[in-house]
Amino acid sequence: MKTIEENDYIRIIYKDKSYFKKIITGQAFHGKGGILDYASLIGKRYGMRYGRYEVYEPTIEDIIMYGLRRETQIVFPKDSAFICLKLGLRNGTRIVEIGTGSGAMTYLFSKMAGPDGAVVSFEQEERHHRNAKKNIERFAEWDNTELRNENVEEYACEIPFDAAFIDVREPWLCLEAARRLIRDSAPVGMIVPTANQISDLLRGLEKGFGLVEVIEILLRKYKTVAERVRPTDRMIAHTGYLVFARKLEQEAGEDQGSISI
Amino acid sequence: MKTIEENDYIRIIYKDKSYFKKIITGQAFHGKGGILDYASLIGKRYGMRYGRYEVYEPTIEDIIMYGLRRETQIVFPKDSAFICLKLGLRNGTRIVEIGTGSGAMTYLFSKMAGPDGAVVSFEQEERHHRNAKKNIERFAEWDNTELRNENVEEYACEIPFDAAFIDVREPWLCLEAARRLIRDSAPVGMIVPTANQISDLLRGLEKGFGLVEVIEILLRKYKTVAERVRPTDRMIAHTGYLVFARKLEQEAGEDQGSISI
Amino acid sequence: MKTIEENDYIRIIYKDKSYFKKIITGQAFHGKGGILDYASLIGKRYGMRYGRYEVYEPTIEDIIMYGLRRETQIVFPKDSAFICLKLGLRNGTRIVEIGTGSGAMTYLFSKMAGPDGAVVSFEQEERHHRNAKKNIERFAEWDNTELRNENVEEYACEIPFDAAFIDVREPWLCLEAARRLIRDSAPVGMIVPTANQISDLLRGLEKGFGLVEVIEILLRKYKTVAERVRPTDRMIAHTGYLVFARKLEQEAGEDQGSISI
Amino acid sequence: MKTIEENDYIRIIYKDKSYFKKIITGQAFHGKGGILDYASLIGKRYGMRYGRYEVYEPTIEDIIMYGLRRETQIVFPKDSAFICLKLGLRNGTRIVEIGTGSGAMTYLFSKMAGPDGAVVSFEQEERHHRNAKKNIERFAEWDNTELRNENVEEYACEIPFDAAFIDVREPWLCLEAARRLIRDSAPVGMIVPTANQISDLLRGLEKGFGLVEVIEILLRKYKTVAERVRPTDRMIAHTGYLVFARKLEQEAGEDQGSISI
């Protein structure tokens, strides 16, 4: 049975409030439900009430939402989960990410690519690169992630990647690099906040890509009272537009399969 | 470089139409773009145009949407991707599923649980169980999935599961079984089509669970014309309401951590 | 040309802020854009910049959103506009409202029913009735509205109404009264915040009503920057579910039209 | 009591099907519920079952959705109701419409503007103009509508309009005309299907207009089974983006109100 240990991260719930904390002997959580001494939790079970607090083991989503230090807008779980599926991520996948940002997507890619996969992520802004590096060092489960503080243009890799994800201001400028690094038929994903950027991306995808899709995901939460089932009053109205495509060779060779019309 | 081989599944695109086919020598695809002889593709590259067709290697999503044989309503990628994230799936996760249905969720769980994880899925309807078994045999990448044509109530397992997913008509009747099989603090997910079922589920989750969430995910597709960015005319308005919770011990022991108030 | 006059209500815009004020000589608006002396505006034009402020003549929507004093949750324009259309409101319509609340819907009904129509609205809570009365006295354009601080059950009217609207906690208890007061085939509208109430309403509408509809309206605002077209970050996720039906005689007489099958 | 009369339009419901028909003696409705002789309905009540059919008196919405002959995409009630509210329509309003199309919006404007208001609508395409004219002649309640088969540019009117609505492919080209025809502070509304057009409109509205808003309205229908409250499977995902603004004098005179900063 897994128990709470020194240096573990825990999620503490008190009424409607959620806290993400690290177990450090000698420290304590001071909340409205009283003082919770971390040392007293060591060796104890997760998923229990301790005084007025509930203490849970953090999930991947908890780490993305509450654990990672953000210096940029991150990709939210409603989008990032879908991106991982569209990009086919699973143990063994090798993915290249252009635009590490705060590393939220990178962290999830690392989890999904698993011990047999690899994530190589590019970030030109040194400050973001450093912050993402700390996030990955702190929370990654497997040593499968390489963060590079450089322009993807200069990067070469012998083994093509299985997928690419681009999250920069002008993703259309990175399409050629992404295309160069991924294998035949591989999926590429992008996220952009504005409709104007969709236009630019669609133009950029006209050559060398097929199966282009533009998708928006909306998440609506409901209140959790059995007698009064209804959505919450407010919701996030927009995070970004997701764009997906597959690498497609532009020119088909004359001898590329037997077609009779 | 990965090439098209005998018995591979391929995705063929002709204009707006999509086809999911298996490469079998001696057979051919007969479409409006002409006849495409499968044998002629063997050894050729994916992500190419062959005559008027584009041929892609199927992704996980393609297999869910076009590959699996459906005998029941399946959980769609917009929901299933999010469920996997909420349930913390990654290589090594052990998940129990109650209600295999057509096995779409099972297939995705298998992909996500990876070579080091495990999926045990229960289905009482023998016909669905058999169909799901064929789907898994045909498409699973790892031998990590056990399909059981029995009631989960009678099942015992020494090692607790990391997560549970329930997709049956009355999921509240399975909460106790799910709770019994998962470890402390572990997430459980459910999907129900109606608001009435949300009420019943919320009542069932009042004891033994915490962090209850009810969520609805909407996916909106956009047309892919750069000069005319706009959503498609119609969309899927509803698949199901997602309900999530974490296992929580009901009673906290007196000695369960030092709290001072 | 209409000009700003004493006792007029005006809408003042300063950057992203909106103010709803009354022109009173001797008073002034004190905002971040400076002091705007109301007397100095009298006789001046609407739709002008006065110093750093823009001053507009209030629309019906402005009055609903900023003018009416609210003591209860009001029906928002996205819903109330649609309700008016579904209920067929126009000059001459006679409508009965059950549950005046703050009178936002009543005010709009009054505007729509016009000089030749009539609005009779019932509110049992005296405090709400009084507040609504002030709102209507202050803003109504036509003297076509009767606010009654009583139970609709005791009310009788010789001329049947053209439509009914119910906005109370348990609208199913008012269906019979509404039905009694409206004419053949007339539409009735309701708004309820929860899905549980939809169930109760649907059961109540099974007899004596036809063409039942349940509808939800979502309004999403976009930012107004030409180079960055995108929805705002947050939105109202839920106001209420709208339910509509038409009065239907339960039993058809034997001699009610010639049908041959 | 209003009864069904010769030349009345009626709405017939049989199970899930809806029909919009005209009462003509000698004709009959032939449906799956049997033959319904129109003459036999004359003098009978609305809101009754005749054989297996329910017969209702059409509402404004019914006429828009089922009565008007469409030659173009029409503005749907979810949008048109909201537009009327934003434009402040009520008895007495004088509105100018640029782009009559099939006249669906024109018909609703006519209903809302009432006996004391006026609608002047411009359509350059003669075929659409003629079709709209027939629609208005057939269904308008008041003689308050003027349909003009000409370019709005050449039109002058002594009395300024209270509001303007533009529904043409390039509405930004009509902003100056609309502005010229409406009074100070008056609202103008537009509808465009694409995000690219929003950009163009926002640029066009930069001068001479204030209080710019871009809004999208989504309507979601629910099934009407009390025990299974849930949205329908599919919905209309997009009709158009609504853009609103108010006329604003660009330059404020030096003597336009007393401001002290």
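The chains carry the letters A, B, C and D, assigned in the order they are written, with residues numbered from 1 in each.
Here is the rule we use: contacts are C-beta pairs under 8 Å (C-beta built on N, C-alpha and C of every residue); 3 or more make two chains touch, one makes a residue touch a chain.
On a predicted model such as this, the values are computed, not experimentally measured, just so you know.
The minimum number of touch steps linking chain A to chain C comes to 1. Across C-D and A-D, it is C-D that has more C-beta pairs touching.
Note: centroid distance chain C to chain D, computed from Cα atoms, is 19 Å. Mean C-alpha position of chain A lies 45 Å from that of chain D. Those residues of chain A in touch with two or more other chains are numbered 195-196, 198-199, 220-221, 227, 229, 231. Taken as a contact graph, with one node per protein chain and an edge wherever two chains touch, the assembly is complete, since every chain touches every other chain. Those residues of chain B that touch chain C in the shared complex are 195-196, 198-199. In the complex of the two chains, the chain C residues touching chain D come out as 1-2, 13, 33-37, 39-41, 44-57, 59-61, 77-78, 80-82, 84-88, 90-92, 108, 111-112, 114-116, 141, 183-187, 195, 198-200, 202-203, 210-227, 229, 231, 241, 246-249, 251-252, 256-261. Of all residues in chain A, only 193-196, 220-221, 227-238 touch chain C in the complex they form.
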